[in-house]
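Note that chain A is present in both complexes that follow, paired respectively with chain B and with chain C.
Now for the complex of A and B:
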């Protein structure tokens, strides 16, 4: 792997060690949490770019469940990052599921269940259509989880079930899962079960926060990254917690440790 | 907009067709967006030129003061003056009556007197005001005067809008009280928005939706939080695929905190308004032009369509001023200089310290 593509986020996610193996995220579940002040969607864009363009001959497939924005939005952003989503969609490496207008219908008994069933059936269909050896290369990206809750009219249990099913795919087939959620939604609850469950299930937790000192032009925010994989590795002094700051640009994101920027 | 057909190369010519065949009320924005005016030139400028077509603007109301109506009125008037179809929903019994209170665009004559007046004021205050605010103001006023149909107008709050602007077919008023449920409102919005499908070629016509006090206590739907959320979500996605802009004001104090956050996440552009107390001696000492200030406008989120880069504003708190009791003006807070050498002039104010500490440009 050339060093130019490597950055602090990749290191924290463990992407740099796994470039030799077939699946870049290594069957992990990544949860990204952001807030109203600082959007974390750029991490999704970075990961998609990374997955689709890291090595030219890789067979990574991204299944994107878009609840938040239409395709044109992502297409424009990724184009500026140097990744042509439209072309990737043509050759089947980027599968875009437009969930923007989808309501998971609310039956009397079913809650938001039937719609999510259909969605999950869709995911397994995509998974089964991949050749046996390539299933590891699938990454499911969800933007964003709080909108699934809205689509399911608040039946959080069904959404949790859905996410657990998706999570089960990571252990059964080795594919990876990337989710975006907003943690400030739950900050006022005294028992945020939904958020805690998600955090518990995630192997890597990325929190995107504004700086404590407020907005600044050259530092857009900070992101503590907790990588459980790294803390579990034998005798490592690294506790798996990384905290660094970032600055988002149109064609890249700069990551740096606090105070390390000249 | 250019996304429907597949371009396999990253390098392709930008098609200028869309930009050439458009009316003056629409401006080309960054990242392939098109902007319309919010009706307040200062707000347009702060948001980066205007409100991008396809975005949802949410205004968090002050529960004690009707400042959100100022924004709403200018937004609606701007659309009506430009003959854009309008859908207005409000919890009041007679929403059409509200159209009678809309402000009228000020005539060029008034404009001149205002700019002249402003210049005079500047002369008096120049001793310690920041110079950079001048230039912007000036160019802004100059841009107003040229032709009749323009991107944005100044509105004179004391002159009602001519009746012929809002008596036509293109204005639809709904009282949310009359509707059986939120789904009915959603239907009306969807059918309204279906007039403005988005296509690549040109923008024939743009629409505006203004929803006042969604979830207000007099509405039936105030206790149906998930229904409201899914209404906002579906409105957002239909607006996104149409050539229209929607503005929703809502009483944030009435929505439970966690749902309020959800609402905020759904907004493309999020602002809040806050009134200031009438006779606050401390504030009066601290802020210049305190007599004209009626409240503060906080900008929490700037529309970020088609881009991942966050906008870093110079100031997120602006003061809402009524100049000569006629014109709605937004200005950065001008704090009286405390002591040039101390350097701690930011965030020292009393009741507005929470907002002003953020507003000051932080020097790193």
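Now for the complex of A and C:
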């Protein structure tokens, strides 16, 4: 079941064609949107596990910007999924940047910007430390974008500038970007400009939502996925639109099409 | 669609790219100065690293465009992808001034730009529309679902929306006349195909009727029969006194017999002509008969 379960999300993200010479997510920017009723963190965990354990001699490197939880939290979860984050960190394949207690300088104009500029400088250092041929194997993961706004004292413009530069890395170096954001924080606004800017910039949009019918014991939510890269690719069998449901188990996640769960 | 900001200058069958995407705020330049990044320039494009300086941007556009076409009578075009990203860094007044200056420049034949209208308020989109002689808008074919926020049943709608849409163009002529054009487009492997709008009415009516398991629409025959139904209190205008049927066929008095017969006869005639009929059955014959007084007697229907 687990190999089949990976295939549905992998297919939707384009991870099923993972090869040594290719960038794991193909240099794409992936935006995961969730809400209070249904958390999308499990998608991040699944992706990290997939990137780090796909092939034994893989060159994949994950740079994780953690604004939401400490390292111990992710270590505990990934251990249950069969991935030793501590070992991967020692091997230099999992780079954890603890942003929990970091606050951008306050009180001076552009304080938020200077803090985010410093963060971008760190990301660039990590990227440049990799051999040039392996830079496309870097995946930058951000958990989560709304907390970057908090760290930048509410300045969404500075956050968008930072994300723009991260996005530019995907175009110029072929690395990938995965961002988690909370849809319901911005849904009460007349025009959720910040969210729309991010949606426009993303190549793959993953929405993690509860079922329209409410809570269920066997199905924990649904996941429409829009992969613009697959939609635009000629001869693609997959038309880029997917919608499946999921059930989160203790050590894995089960994905299935509606009505197809056995 | 990516929020890139490239400005393309097109002239003499050549394109020159002014890259405002890679380093719009000069961060990479600062990192290069501090030795963290090797100094690098975008291959094949001119890098612009200060998007907030609109005057400098305008000067560079004109300089590069002139370099593209020379000093002769040949003119060049300017394409901006996208103005939405520019508006993040520069106020609307300055962007509008830039567009206005460029469009009135002798060497510039045309200028076109992309704007994501759902990100901006009406004031911004209207201001930029006033500056333009042509506005082309792309809309989804089915506007019922809110992007990916719709439920599972709308997946086919989402798929359709991604490959198809409506293309609406409004031209403003010099004499003030406005011409409007509507087409549908379909993105295929070979390119984008435009077709005229033919089933728009059907699509509109389809969009208004909710999708349920029972039929809410009327066929043509049902519409005709509904139109033929004579309403009981409707003034028929045929000179005869208005007959009100109280539903007591079994208790019809002799005085009313003729009338009832006439009524039933007229009903039969109507039925034989294919007209509609309203049949009213009282709950019980034991009920007290209705009053003969018409409570609406004072109305002139």
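By our rule, the second predicted complex is superposed on the first by the 245 of 262 C-alpha atoms of A that agree within 3 Å, B and C clash if a C-alpha of one lies under 4 Å from a C-alpha of the other, contacts with A are read in each partner's own complex, and residues count from 1 in each chain.
By our rule, a contact is a pair of C-beta atoms (placed from the backbone, for glycine too) under 8 Å apart; a residue touches a chain by one contact, two chains touch by 3 or more.
Note that this is a predicted model, so its numbers are computed, not measured.
Applying the stated clash criterion after superposition on chain A shows that chain B and chain C can sit side by side. Annotation for chain A, partner touching more residues between chain B and chain C: B. When both complexes are overlaid on chain A, the residue A:193 reaches chain C alone and has no touch with chain B.
In the superposition on chain A, A:125 contacts chain C only, with no contact to chain B.
Contacts of A:226 after superposition: chain C is touched, whereas chain B is not reached. In the overlay built on the shared chain, the residue A:143 is in contact with neither chain B nor chain C.
In the superposition on chain A, A:207 makes contact with chain C only, not with chain B. Seen from the Cα centre of chain A, chain B and chain C lie 100° apart once the structures are superposed, a value rounded to the nearest 10. In the superposition on chain A, A:10 makes contact with neither chain B nor chain C.
Our summary of the superposed model lists a minimum C-alpha distance of 17 Å between chain B and chain C.
Shared contact residues on chain A (touching chain B in one structure, chain C in the other): none found. The part of chain B that touches chain A in the complex is made up of residues 1-4, 6-10, 31-32, 225-227, 229-230, 233-234, 237-238, 240-241, 256-258, 261-262, 264-265, 270, 300-301, 304-310, 312-313, 316, 357-358, 362, 364. If you check the complex, the residues on chain C that touch chain A are 1-3, 21-25, 27-28, 30-31, 36-38, 42, 84, 88, 116, 118-119, 121, 147-149, 151-152, 155, 158-159, 162-163, 189. Chain A makes touch with chain C in their complex at residues 117, 120-121, 124-125, 128, 157, 160-161, 164-165, 167-168, 171-172, 191, 193, 196-197, 199-201, 203, 205, 207, 209, 212, 222, 224, 226, 231, 234-235, 239-241, 243, 258. The touching residues of chain A, counted against chain B in their complex, run 36-39, 41-42, 45, 69-73, 75-77, 79-80, 82, 84, 86-87, 89-90, 100-101, 103, 146-147, 150-151, 153-154, 182, 184-189, 213-220, 248-250.
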